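Several structures are given next for inspection.
Shared between the two complexes below is subunit A, which pairs with subunit B and subunit C, respectively.
And now, the complex of A and B:
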């Protein structure tokens, strides 16, 4: 291994371009895979941010809503009933309705989220200020996406063209269906919703979904049927699913995951092909030198070690450059492009690329084993 | 040219595996770029086709909805005010609501139910079957064929004891990426009324406007806002462009396609450059036996063009296979124009890289061939 390391080091010093050129090629592909993965990740998060912003174990929908947050309507008294189910620790309600936000003459679309403070429906990460508590009139918290448009804590915004509220806090990005969110107490939400959609019968007594936190040590899957049974006794048919399932049920999410997921998989497949192709070309290019090394006593393990090390260096350089390219692109594209890089996602892609490069390199290692030391004596062409 | 072609072809034949692997890599990358373009277009059509491809000249929405169809409610009484605006030839109500549907007793799916009369300016053109004129009839989008939504199919509305029969199919008129069903407006109003028993009145989502041939859409839109200040008129295509998520989705696919295009160009250039460098010794041999640098450069460029062409064929096969085996909700199709454009860009990048690498031909010494290999 030491000899292999030395050989790679000497080669890197003597002709760095031989190692750097394939690294540049792979870097472009690494950047492609990272950009694709980040796009799908951002699109997904911007569709489901409302549900990701809270910490709950179970989500209760009325059965006609078919797991859609926007369509779900549960009578508020029913959510009180859920609180008495064995194994339930706490219940909160969360309701969503489309609205507009006007700030200093600029108008944009958003979703208005009504929520119970200090329950599982309260957003977990508050970046600035605070979140409104139940019963507080005409105040709101905005998510980081709205904050980026220039709205600050203390500013006044107009909801739905008619209700003026004061911003008291900023929470972490919690977009829903690609639009930013404004978080208000349930009463403010009911007033705004009733004005916008009179036929839907929005009222304080009718809320969207219930978010349930189960007691420590209890399995949410066991508590869910008890909630369904409890509410069935009150003549209310509900569907109780985990938060993860509710996130997956948001409209468009499965399509985004299937479409972009397939394309990311295709990109990774291309990386396998390219790394195999590059490694094979390099093995051919170095064939004469490898034969000479074999002829003077270097074993196949040394040559294989050299190849693996070169692939490792290539992968590391490509990933570093890919991360830089993807991060740079994310920083420069307009805000409308849903491209935000997360270290966890980049690390995952880098790991997948390591596997892809490894698979590609394995093909080259097979060919390397077949190099005959006698080739060093003859004309390689 | 004949010598260059012979040289190029014999080089490709001599190393078939290398030829296949380079063409395979190029093909995979080219197909990736093409698929991004095609799938992106199809997804956007599926999300907004009902508006983007609508034949009405203008759609009139509630001004408070800020262009969001889901938030728009227009007072039926204002239909007469819009009809009275100079330049308006016809006005008709449009309704949209989400419903749960079982197609021929299959799985429960969400659907977008539109109330549009067959004679309305916004009526989708029927490509198979006939328009829905009876209260039990419906027209569906051909993209939902894979769910069984074809003429003759039964659509059960799960929230109501109601069944519709598919009598016709339209194309490219999907909305919100879910099955899209069109029924006569009055039937739609009945369904919405039944879904919301507590509401007093069912109001249309929008009005569709057909203009007189001489009328200017912008002027008429402005006149509508003056005649009814609670209304705003816009072309359906501009409303489609403003639908939530459209901008993000379009820019996502554009970014992905652009980065893929850069990747395919970079990879083809890198492979070409590596091959040129690897073959400098062969080139020196050919120089030693009398081949001019010009012939050798041509031979290499012919080979590059052939490899890119082969890659393009591989891409066409890969896209064809993806079209056959991908799930119906990922609508992959072979778009020849995009394929040709990407192939051209790939060839240009590879040809430039080869040209750069082949500069060494000018300085190559034919005597190199007599020296031992390095």
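And now, the complex of A and C:
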């Protein structure tokens, strides 16, 4: 391996174009895959941020809501009973209603989230200040997306055109259906909702969904039927699913994942084909030299090691260029374009590309293994 | 005179042993399948003693290179056997054959393909690195060989900057670097002018005679072959040589095509 490493290092230093040419080709594909993956990731997260902001094991929906947070209505007293179900550790409620936020004359659409503080419904990541607690009437926390529009802690904003509240904190981005969110106590949510949509029957006794944290060591799947049974006794038909399932049920998420996931898979598939083609081309170009090296005693491991290292260098260069391109693009596109680059997503795509390049390169390694050292003598027969 | 490496490596033979270095016994090579099969080499037996340079002479397509491939453990015979310094390559696995070629056989090819991004001296040293010899030892010896082959000034150049003749001499230096027990050269003078061709053969002869090694030289040039200790003629895959040892020569076969595989 030391000899292979040395050869690849010298080749990279002295004939970089031989490694850079395939790297540039793969870099374009890597950037495409990273941009597509970042798009699907951003669209997904900006659709489901409200549910991603909390930590819960189970979500209780009214069974007529078809797992939609906006449609679900549960009598608040009923959620108290959930807390007594065997295996339930804690319960919180969370409700969402569309609203408007006015700040210094600028009006923008947002979602108002009513939640119980110090329950599974409380957002986990607070970036500045604090979140409101139950019973605090005229304060709110905003998410990072709204914070980026210029609203700061201490500013006063108007919700729904009539309710003025003070911003006391900023939480991590928790967008819902591509819009930023304002987090308030449940009673503020009910009051604002009732003013905006009097016909929908918003009241303090009504909440959207209940978020449940099960006891340590308990399987949420086992606890869920007990919650359904408990609420059935109170003549309330509910559906209990995991938080992950609830995230997937947000409108548009499955379509986004299927469409962009397919495109990312296509890009990865193209990487497999391109890397296989490039590697085969190089093996064929180097065939005479490989045969001669085999003839003078280089074992198959040296040649294969050299090829694997070259693939690795090509992959690393392509990923570095792809990250730079994707990051640069994300920094230059308008804020309205849902393209935010996350290191974890880039790392995931880089890992997928490594697999793709490996699969493509394996085809070339097979051909390399079949090179006959006697070819160094030309075609003797 | 080329000095041998001071530190012998595993598998090298510093003390000449008795007996021939290279023994080919009734070698046969059939290529292709079914009715299209061709017997490229047929019942060839040959011995090369220590200190002996043998020239294999024959027209194009007579099976010279095929024979050389089997003598150098590059190809497996269909029948018969080869022993290189007492070792039958058939008894070794792929890795073992690679080690055998790296440490005991030196090859000079008709059209050498050097590593383009390595300098001349690095290409020569590469043979030692493949054989696992200490780098300091091989660098010293490579410099010595390049000086003998009049390539000292070119040692820092890349292969692309060399003429065909210079490439051939670099390949010769690479072949001699590990002080192999046998050097197999396939038309080594094909790309050289007469003077350089004679110099290359002289170096080969020096290596074999003075170092007690063996050399096999494939050529179609009688004047080059005449500088060898012995000439064997190959015709249609069979030996037809008055120089060959008695009983080791089969009559040339008129028809090389057989149905066997």
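The rule is simple: the second predicted complex is superposed on the first by the 369 of 381 C-alpha atoms of A that agree within 3 Å, B and C clash if a C-alpha of one lies under 4 Å from a C-alpha of the other, contacts with A are read in each partner's own complex, and residues count from 1 in each chain.
Just so it is clear, a contact is a pair of C-beta atoms (placed from the backbone, for glycine too) under 8 Å apart; a residue touches a chain by one contact, two chains touch by 3 or more.
None of the values given here were measured: they were computed from a predicted structure.
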| item | value |
| --- | --- |
| Which of subunit B and subunit C A:304 touches, first, second, both or neither | neither |
| Partner chain in contact with A:288 - subunit B first, subunit C second, else both or neither | both |
| Partner chain(s) touched by A:7 [first = subunit B, second = subunit C, both, neither] | second |
| Which superposed partner A:15 touches (first subunit B, second subunit C, both, neither) | second |
| Touching partner for A:100 - first (subunit B), second (subunit C), both, neither | first |
| Touched partner set for A:251, first subunit B, second subunit C, both or neither | first |
| Partner chain(s) touched by A:374 [first = subunit B, second = subunit C, both, neither] | second |
| Subunit A residues touched - subunit C or subunit B, whichever exceeds | B |
| Overlap of subunit C and subunit B interfaces on subunit A (superposed complexes) | 288-289, 380-381 |
| In the complex, subunit A residues that touch subunit C | 3, 6-7, 10-11, 14-15, 18, 288-289, 291-302, 372-374, 376-378, 380-381 |
| In the complex with subunit B, residue positions of subunit A that touch it | 21-22, 24-25, 28-29, 31-32, 35-36, 39, 43, 46-47, 64, 66, 68, 71, 98-100, 107, 109, 160-161, 177-179, 196-201, 251-252, 255, 258-260, 262-263, 266-267, 269-270, 273-274, 276-278, 280-282, 284-285, 288-289, 329, 333-334, 336-339, 379-381 |
| Of subunit B, residues touching subunit A in the complex | 18, 21-22, 24-25, 28-29, 31-32, 35-36, 39, 43, 64, 66-68, 70-71, 73, 98, 100, 108, 110, 159, 176-178, 192, 196, 198-203, 244-245, 247-249, 251-252, 255-256, 259-260, 262-263, 266-267, 270-271, 273-275, 277-278, 281-282, 285, 326-327, 329-330, 373-374 |
| Subunit C to subunit A touching residues, read off their complex | 29, 31, 38, 40, 63-66, 68-69, 72, 74-75, 94-95, 98-103, 105, 107, 109-118, 122, 127, 129-131, 158, 174-175, 186 |
